[in-house]
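Handing you a structure now.
As written, the chain order gives the labels A, B, C and D, with residue 1 at the start of each chain.
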Amino acid sequence: MDRRRAAPTTAVLAERPGAAGGPAVTLAAYRRVRAATMSLVEGLTPEDMVAQSMDDCSPTKWHLAHTTWFFETFVLRAAARGYAPFHPAFEVLFNSYYQAVGPQYPRPRRGLLTRPPLAEVLAYRAAVDAAIERMFAGEVAPAIAARVELGLHHEQQHQELILMDLKHLFAHNPLGPALRAGAAPPSGRPAPPLAWHAGPDGLVELGHDGAGFAFDNEGPRHRAYLRPYALASRLVTAGEFAEFVADGGYRRADLWLSDGWATVQRLGWAAPLYWDMSGGTWTICTLGGPRPLDPHAPVVHVSHYEADAFARWAGARLPTEAEWEAVAAGRPVVGNFVESGLLHPTAAAPDSGPQQLFGDAWEWTASAYLPYPGFRAAEGALGEYNGKFMSGQMVLRGGACVTPQDHARATYRNFFPPQARWPFAGLRLARDA
Amino acid sequence: MDRRRAAPTTAVLAERPGAAGGPAVTLAAYRRVRAATMSLVEGLTPEDMVAQSMDDCSPTKWHLAHTTWFFETFVLRAAARGYAPFHPAFEVLFNSYYQAVGPQYPRPRRGLLTRPPLAEVLAYRAAVDAAIERMFAGEVAPAIAARVELGLHHEQQHQELILMDLKHLFAHNPLGPALRAGAAPPSGRPAPPLAWHAGPDGLVELGHDGAGFAFDNEGPRHRAYLRPYALASRLVTAGEFAEFVADGGYRRADLWLSDGWATVQRLGWAAPLYWDMSGGTWTICTLGGPRPLDPHAPVVHVSHYEADAFARWAGARLPTEAEWEAVAAGRPVVGNFVESGLLHPTAAAPDSGPQQLFGDAWEWTASAYLPYPGFRAAEGALGEYNGKFMSGQMVLRGGACVTPQDHARATYRNFFPPQARWPFAGLRLARDA
Amino acid sequence: MDRRRAAPTTAVLAERPGAAGGPAVTLAAYRRVRAATMSLVEGLTPEDMVAQSMDDCSPTKWHLAHTTWFFETFVLRAAARGYAPFHPAFEVLFNSYYQAVGPQYPRPRRGLLTRPPLAEVLAYRAAVDAAIERMFAGEVAPAIAARVELGLHHEQQHQELILMDLKHLFAHNPLGPALRAGAAPPSGRPAPPLAWHAGPDGLVELGHDGAGFAFDNEGPRHRAYLRPYALASRLVTAGEFAEFVADGGYRRADLWLSDGWATVQRLGWAAPLYWDMSGGTWTICTLGGPRPLDPHAPVVHVSHYEADAFARWAGARLPTEAEWEAVAAGRPVVGNFVESGLLHPTAAAPDSGPQQLFGDAWEWTASAYLPYPGFRAAEGALGEYNGKFMSGQMVLRGGACVTPQDHARATYRNFFPPQARWPFAGLRLARDA
Amino acid sequence: MDRRRAAPTTAVLAERPGAAGGPAVTLAAYRRVRAATMSLVEGLTPEDMVAQSMDDCSPTKWHLAHTTWFFETFVLRAAARGYAPFHPAFEVLFNSYYQAVGPQYPRPRRGLLTRPPLAEVLAYRAAVDAAIERMFAGEVAPAIAARVELGLHHEQQHQELILMDLKHLFAHNPLGPALRAGAAPPSGRPAPPLAWHAGPDGLVELGHDGAGFAFDNEGPRHRAYLRPYALASRLVTAGEFAEFVADGGYRRADLWLSDGWATVQRLGWAAPLYWDMSGGTWTICTLGGPRPLDPHAPVVHVSHYEADAFARWAGARLPTEAEWEAVAAGRPVVGNFVESGLLHPTAAAPDSGPQQLFGDAWEWTASAYLPYPGFRAAEGALGEYNGKFMSGQMVLRGGACVTPQDHARATYRNFFPPQARWPFAGLRLARDA
């Protein structure tokens, strides 16, 4: 992925062969994930796909090329003796951050890459896809299959990034463009009252247990000791957050972490990203274009600082990632994911939950993104996937309305710097029991 | 124009009617200039036309729209009662800097305007062109005709900006794109030895005398007193500038203005913009793609600071704009302009000159861009065209290989901040006689 | 303290009365700590005490005033009905970061406060000391006594800051000033070989148990589960760190966290702060003036990033704060503290340790500075002491050669941002067992 | 001087011997100027003299040392064979900007030089003074005498800088310190109505004619051609400027140069520097401490941008330096200079003028600071005095209430960047006649 999340060690992957000892990943899965990426960008013009609205974002075209580069670099070059790269310059142009592979074109300038044109990037995708198809026609070594599997999860991460980055780009445009005209409809139902659910406490086990795919940062599985606590039954709603705003939440230093307060002052924050007050009502930017704020839908596009300040205002706190995982473990991974087509969070069901653990909005936790006990990054370039980002970031859990459903799981550790607001991130309250 | 150069006062323009008292500008001229703009961008993709490589540059698409906005705003809205603007949002999106017209979309974000798509901008051009055609079918008041004429000179300025800005964009791309494959061929002849030409001294007259079009900053015509001086017979060549580089010119503080030296240190300048040393030879970026440095062609893409330091190194100085104009006045406006298709300066003819006064490269002068005695900016928005930029910039004279030939004249005052390097700017030496 | 570390909740403090139910803190302790501050600054000129070398540092004079302000604000105003503040402007001038008290003079401008002159600040100290003396002549309520005790620990923190900030100031001066001519002598003995010590694992208890003073961030006491691990017997030496430098440690991206590598590039780091290479040998800046590097003394003035990169280079890692505390708990708090007068770390004893747990150098841990489970900041201004800084910082443990000995303890949590280099911070290696 | 104004060419100086062919400068003059510097700083503490409030300002102590360094470097080292410098490190520490002399301690860090202490700087002054006295006891070569003379004018420039820089420092202090309690009293009389005075037009002569001392940038004397114009009889008053403020002058883009408007927006300017509105009245910071605004005193501490905008608002313009000098030439150099002890401008006399040409406030002109025709900087380090600053600055004329009277003259060219507000600079209106 670009800027975050890590590769399984080769060893771990090699130990997870498919049923008959063959690869755990199928060509059908490859085709499905690659096609899902292209279906996301339907309706975009080449112009839409070249622009970059901030250093943290990348152009859609770059995402299309980089995910392809990932398969070319880590699968085809490793698997196919004598594989001839599609274009010699692409090794640099579409390397995100892998120092062990070589130099990278400067990230803040990705929006200047009007060449190669989109058509050539699509040809690149087709050429690499064809080579993968040819590879699958023969025997695929387990280590190579594991890298294909990693590449597919990597591509799913970029599917979400494409949507995040496009939203950020379109939000700068006074014409109010939409990716999908029908996206982000009103929830149409009220959010249920908030209830509290005690989670497992004492000694618990955390982290990936080895069944199915996981990124390296989800392991090793380990023990942690939890004091009694309770989690809220649903996500915080936009309406609840609007009360915080109306109550002067952005003007009261006592509610904020020191870094958060400094950020509020420096950047002039007065509401979540994409909120715009006009005539006494809030309008928000969505992937369906501008929409009136739906107070029952979960709030998104808040930073960790804002999530933390809201929780303090509400007399609660954020959950730790261990608390969250202890509650989520074993529950079905269902919810409002990218497959719903809503591309926006929606009101919780009339149910006392806990619900919305998966989908709708990533949930900021109180946990810094650090290695689990015993964690070791893989050797080589793929070791850079996740491990080197374990500094200065906070963990988010659960997945969002722009995440593919089969990409989410209870052990998944997403992470962003505390000031980031362009992810689809909201929060769930927690408290000591 | 965008960021520089000024509108004639209405009075001045109104006094220059055509032969039969009709408009000084013809529909044929309008068609010709507008078509010339479109011919420049042939071969570019929509992606090429949306990107913005720095705050001072604009996307090609924006230039196409802004020049159209100029006619819509200052001609059609003024002339045609009940004219319905093409799109209500364009008034803000494509206003460059006219505070009296209203707010502007932030300049550094022009590269985010993936919408309107290029096709809509082309439709905008067509619609405004059609309205102008309709207007010319009837009587055109002299004041309106004068504004059309101004709009055409404005559009010519943007033709040059399109080429400057594209070159800057393409220079960031490791693929080395070219706008025209055949542009910037080697000069094919040696530059002649440099000779010195004394110019008129004592009391001279400067500035536009009222015959033909001029921007307001070229007047009023006035007197200045000049001491004896001489100008070099041709522009400084790239080869001469390479000697300055090889002689440690960028490492000797004594050659530089204090601000220039600070800039060299801060930005790490070691050669002109677009020069790249590899294996002991210089390669430069041109609109024809990467090229070996032609030592006989004039140097371009140097800042005022570099031009000044070179002149000091050479035991000379830059000419003042008065000296330059006193020499250039009355000479034919011929040279290497955009019509040559070279899009790069070329070696001077085997002639003792003075030559290359027009075309090839803008010539940095020793003069700050300030109002001429008696200058008054026009009332209203068009008064912002030139006057408000008379601070912190230096005057350049003569025109470049990317300037339309009929846009150049002896009284023309171009201007840029002293650190600007993306214009096609070089220098001619001068000395006291 | 200034920018870090937290106040005990009133409740906790009120529960820790002295032996006979009276205050836990004595006037003698007050006199001793206040006098210790003044003894540190002996020999400094008023000029030395007004300058500020970066935003994170404060002038000595400001430290002298701020610690006094702390007693005035939180003790005298709270305790003494009708207490008349020494100067009305001081409430703002010497408030560090307590939003609940009111506005603060901008931190980066503290070096501009040539007025009040030093003499007036000393008079301020004397006046507040006198008022405290008068207060102790009568009955002191336990809550007030607790605040005096907090104020003394606060003042001790500023004693260390005075030394850190002076060193940073003097390091900018080519004259090489010394605070104490005899400080930082050579260690005079070789560091012993490094050995490994397994620490307690499984379920351990962490945090302050209520006996004696502690800051609020040291509690509540709680359980954590540790996997088997070992700590190095002593601190990493300057000589070992010099090997890392010589081995290209600052030029190998694979050794660094991503943020660390970006910082190395941006700031041009090539060695620890205050190291200067000349003629093939390292000279360092110390509070005794410039000194040749003693390879046997512990390295100091490295950031968390550098500590982490060194550990990776050495095939080890940093300890977590839980691991460190599990090893340190119960051991005597002895070592090279400020009372030694060395003001620099010194070589470990010829002993297999674990030694140097206390004193010499703060030890960067792998733990982010976050609240312990169940932590709640106190109400009101004193709640700002520590809690609001629990974001973006890393925990350091153990104390340094500029820390007062009775200020250190096994549960003490110091914290700084990962890029900070002006603290006396080094590292101890750890590894999984 | 520090950052501006230039050295006479050796030739010019050598041609101006004293009456009997001896040096034009006397020991008495040396003593008088050096003593005047020390009298300015009476009452300051060492702390006051070490602080630096912005990069453009220097600490008083640094000024005291640098002016001494100037005599040591350019007189004693040149004149006295075997002169032993006072301290080897001072060559770097107190070199302002002379690249030809060698490296300089970074300007923005001058406030960190708590060492050498003030006492040592005073000893440095005494030692250099003693060496100069010894030198004058013998024969002084004319070239050396010329350098002494230059050094005295240099020191007078720093006398003014000391006052400017102290005012800037004290303005940051909420305690409102004063340099002189009695300074800046109310004018006590109304400013007379503004009248207009036509100046000489046609061909005029400008620049220094060789009689008496001048900086090199005041020559060569040359001709210029002026159109008819008139200058205002007095300076613009603070009351007149307050009307501009009240009329929304800082909120109307049409009144400003483009760079000026951008600066107003970026820095949030809403009034001249040191103006503070409270309870409907303006208070200003002066060297006598805070004072109510005297509407009849000339406005000071405006930038060129503000002066230009005010003039446009008033339907007038700024004078060129040629116009100003043509009017001022031959008039007596009398006015409110530093010797008045007011240290603030005062209301014009009840007189139709032109008055206040000298003293009270430097007058921004419409002229960029550029070389006069035929100007050549001296060879060597002293050539850096003025010439290298001829870029990006504007000329001011006349002298201010903090300028020594015998430092002012009609040909004197002061210069500052257009955004500078800490000089004592105001304006006089001009208009075309």
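Structure notes:
The working rule: a residue touches a chain if its C-beta (ideal position, glycine included) is under 8 Å from a C-beta of that chain, and two chains touch if they have at least 3 such contacts.
Model, not experiment: these values are computed from the prediction.
Between subunit A and subunit D, the least number of touch steps comes to 2.
Averaged C-alpha coordinates put the centre of subunit B at 59 Å from the centre of subunit C.
Separating the CA-averaged centres of subunit A and subunit B is a span of 47 Å. Centroids of subunit A and subunit C (each the mean of its C-alpha atoms) stand 38 Å apart. Of all residues in subunit B, none touches two or more other chains.
Those chain pairs judged to touch are A-B, A-C, B-D, C-D. Contact residues on subunit B toward subunit A in their complex (touch as defined above): 45-51, 53, 61, 89, 92-93, 105, 109, 111-118, 169, 172-175, 177. Chain contact summary for the complex, subunit D toward subunit B: residues 3, 97, 99-100, 203, 222-227, 253-254, 256-261, 304-305, 308, 320, 366-368, 370-371, 373-374, 384, 388-392, 418, 432.
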